[in-house]
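In the two complexes below, chain A is the common chain; its partner is chain B in one and chain C in the other.
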Partner chain A sequence: MRIGDLATSVFDREMRGAGIALDFGLAKVRVRAEVPGFSEAFRFLYAHFPCEPPQGFFEITASLRRSRGLRRHVRPQVEFVVDGERPFEPFPSDTHVPLFEWGVNFCVARRCNHRLLLHAGAVARDGEAVLLPALPGTGKSTLTAALAARGFRLLSDEFGALRLSDGAVLPAPRPIALKNESIELMRRFSKDVALGPTFPKTRKGSVAHLAPAAESVARRHEPARPVLLVFPQFVRGAALAVEPVRRSRAFARLSTNAFNYELLGPAAFDAVGRLVQECNCYSLVYDDLDGAVDAIATLLARRGRRSHAGATSGH
Partner chain B sequence: MRFDRSAHAPARVLLEVCGNPSRACALSLDEWDLVVRAARSAKLLATLGARLAAERLLPRLPRAVADAMESEAALARYRDQMARLELRRVARALAPLDLPIVLLKGVAYLIEGLAIAGGRLLADVDILVPRDRLEAAERALVQAGWRSSDLDELDQRYYREWSHELPPLRFPDHPLELDVHHTILPVTGRLHPDAAALFAASRAAKLEGFRVLSPEDQVLHACVHLFQDSDLSNRLRDLIDVDGLARELGRDDAFWDRLLARSRRHGLDRPLWYALHFAADALGTTVPRRAFDALVDALPSRIARALMDRLLPLALLPSHPDRMPPVHVRLSRGAMRARYQWLRLPPSLLATHALGKALRGLRMKLSSATPEPSPH
Partner chain C sequence: MPDRTPGGPDPRWRACHPTIRSVPLDDELAVFNPVSWETHLLNPGGAQVFEVLLERAASIRELRAELEALRADEGEPIRDEQIEALLAELEDLGLITRVSGDADR
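So, the complex of A and B:
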């Protein structure tokens, strides 16, 4: 049984009652919510995840709660509660999904320090992962969404999570948060994208979420081997430009844009060192999404041929 | 057993596993879920992980549980590393003053390599300097870049006149605060350990430029910190400190006699009795019978003892992860807060301080003509 197969009323009852178990690979969340509209949006965005009773061990136990007192009636607010604590200020109650997604990201960044968490989009094809490390505002999420819409498996639009023992990228497929113009852009980019409701007036402007595809969800426990690092930069009106990036430069850019590089210290140094050794590294300046997706597909295919050639010449 | 009676299930299991790690292998996933959350809220998850790792039990735990502990252990190791960096900087800043700098609590355990340092989540770096050199030390630290926390005049005065430490200092962008003490209890309190004796008995630390308290004074400090200088709310980790120190240092039987003599000298028999009494009850700390016998004169009245036995466990344990604290827990925490204020400030000073705070609140209300801006 998948979450999307349940009737909204049944799902809403579960959500308000014992809560829902959500296993997105990198971590498991138990979520309870009693906020109007949240269950429906959640059911749409997490439709392909299995629906399981919230039993066992969860990295994160969170609930969305309406603020009490007068606030229930005047400009109602919603708060994210994790293990009895409220890590941030309440949001207006009509921005429940962005609050939930933000809250889960916050908890992942706090509680998954047994992984190296790069700030990166990540997709995979045939077990090979492409990492898109970028600062906010560089179009990382939009490009990740575009790759996913063109058949890549979504690993994550936020966390490039590396297992420290072998450097594998661990999937964390969750709804991709698109902001402002990106929302319309993705609607035009593909007829098939499953866009959830738009939440205007969040701190980051309008936000809408794109549901991860069934296959990405089904394979959320399948790690991928990182082979390609692409540093994307969206520049309006720019011509497509792909440039190789030196490994030392890639190392520096990765180490300054991770959630827990400093915290992990030597283990992170080793993991990033290994990553830049194993990957081909490029920067990508783009305006046109189709061109960017093709460029990445080409880099991946070319790399595949070369490594194949390398393997045969070695014999 | 006082703790057994008042603990909710997750806290009881947490206590059991802390006291007897092999118990961990028998827990179900549902139990683990509650224990890990309770431990996290008590800031004990990495400590628990370290105790299990020391017994080589981590591989026998469910994978996700061991991972959660490893994640927290990574955070603890990072804080340790940052504390070492902070100390190096402190040593450099204070070197010209040529004064004894004594490491306290967590950083002392860390530098001395005590077992309880494993997984202990440092919140700040605590050091002790002689009171007559306190101002010079502060000047030197500020000169070197540390900044005093942004406190108003009243709070500044509170620290400087009534407390046993400077207002917390922070080096810009450093994750840990630096607390500079001149003794181990607030000067306004009822107990006055002999600060000069603390320095006299201190010994060279395993880090150049620093000293640590004698083992006996370290135990006494852990006891008074919990029972005289905290509101006891969700402070199980401080009792775990006492337990860990007693286990590690108390292996040498002669230690207990030195500890008792030292406690008498400082006049700290009662907090020592409380700490040993509750550590033995909650965590099964082995305390020789003669230690309790020697402290018999310091016993609180029967009523006070009955109240503490009833209220302390409720306040000290972390809340149930899935429930709002029930009324009796909230009342216990309130009572322990009141006890803390009572111990820290004589009533006349408390009244002055409360009045000052109230006046400040009133002034702020009157001066803010515009309503507080909404965060959105």
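So, the complex of A and C:
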């Protein structure tokens, strides 16, 4: 049964009780929550995920709970608790979903060190992955959301997770966090996007989450082969510009962009080396989302044609 | 300037560690130093020199000959001081070391 198939009251009871198991491919999380409104929003955003009882091994055991003490009567707060620890200060109770999503990202970045974790959006088409490594504020999540809305399979808007043994990109499709103007932008971009509630007073301004599509969730255990690296940069009013990036520059940018490059040392060096050797690398400056999506689709198609021509001439 | 014993063999260098990792990136080279745990990006000249020293020990004279053969069509002469400066930098990064006499020849 999928999470979205459960009645809110039933799902809320599960969340307040033993919790549920959330398997998003890259990691499995045991989630418990006793915060008003959270279960309903979570049920919408994770509607396509299977609802499983919390059994087996979990990389992350997380719960959301209301802060205790007198303050809860004046200005209620919510805490993210992972394995009994609180890694963050409490948030206002009406920002429960952003706190949960940031908390899970924090845990993935800290714990999934058997993968190389690039700070990157990632989508796939026909088994081929496009990675969008970028710093915060460069439009990475918005562009990832736009690509997903145009039929690319969402792998992640936050983690380009590479399997060290073969360099495959491992999916981690979770809700995409859109901030401020990006929320309305995505509403206009596609009428079909499933946007959850807007949380107006977070530390990053207004935040709303876009639920991953059913297909991306169903294929969350299906890796993709990286073939294209695009370093995106949103610049208001800029004309679309796609430029090749030298492999050495791509290497330098990726090695400083990864969450755990220094921790993994030689394994990370090998993984980044393989990635830049196997991918075509570009920078993309954009203002218009449609143009950016088309440009990436064109780069991918052009590469596909070249690969096919190479395979033919090789025989 | 490298130490030279009058009448003795030219000083020679080789890559420091047998487990140094490198990845060619077009005409440049990414190098991982397993001792310092640092990654370095070498430009085309640095890459050419370092790739020679990964294979065997070489003197400045031998490196100049290698580089001139690789750049035969560029026409610009390579000065010993340029190679010495590069070797000093690679040595400072812990990527190469000086070897004595005819070692690894």
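In this section, the second predicted complex is superposed on the first by the 315 of 315 C-alpha atoms of A that agree within 3 Å, B and C clash if a C-alpha of one lies under 4 Å from a C-alpha of the other, contacts with A are read in each partner's own complex, and residues count from 1 in each chain.
In this section, contacts are C-beta pairs under 8 Å (C-beta built on N, C-alpha and C of every residue); 3 or more make two chains touch, one makes a residue touch a chain.
Quantities reported herein were computed from a predicted structural model and do not represent experimental measurements.
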{"item": "Clash-or-fit label for the pair chain B, chain C on chain A", "value": "fit"}
{"item": "Partner chain in contact with A:D23 - chain B first, chain C second, else both or neither", "value": "neither"}
{"item": "First, second, both or neither for A:T61, with chain B first and chain C second", "value": "first"}
{"item": "More chain A residues in contact [chain B versus chain C]", "value": "B"}
{"item": "First, second, both or neither for A:Q277, with chain B first and chain C second", "value": "second"}
{"item": "Chain B versus chain C as contact partner of A:G84, first or second or both or neither", "value": "first"}
{"item": "Touched partner set for A:H114, first chain B, second chain C, both or neither", "value": "first"}
{"item": "Superposition-derived angle with apex at the Cα centre of chain A and sides reaching chain B and chain C, degrees in steps of 10", "value": "70"}
{"item": "Which of chain B and chain C A:R247 touches, first, second, both or neither", "value": "second"}
{"item": "First (chain B), second (chain C), both or neither touched by A:E40", "value": "neither"}
{"item": "Which of chain B and chain C A:E215 touches, first, second, both or neither", "value": "neither"}
{"item": "Touched partner set for A:S255, first chain B, second chain C, both or neither", "value": "second"}
{"item": "Least Cα gap, in Å, left between chain B and chain C after the two complexes are fitted on chain A", "value": "7"}
{"item": "Residues of chain A contacting chain B in one complex and chain C in the other", "value": "262, 265"}
{"item": "Residues of chain C defined as touching chain A within the complex", "value": "21, 23, 25-26, 28, 30, 32, 34, 37, 39, 41"}
{"item": "Chain A-touching residues of chain B, taken from the complex the two chains share", "value": "29-30, 32-33, 36-37, 40-41, 62, 64-65, 67-68, 70-72, 74-75, 77-78, 81, 319, 321-322, 324, 375-376"}
{"item": "Touching residues (chain side chain A, partner chain B) in the complex", "value": "28, 55-59, 61, 83-85, 89, 91-92, 111-114, 260, 262-265, 267"}
{"item": "Of chain A, residues touching chain C in the complex", "value": "246-248, 251-252, 255, 262, 265-266, 269-270, 272-274, 276-277"}
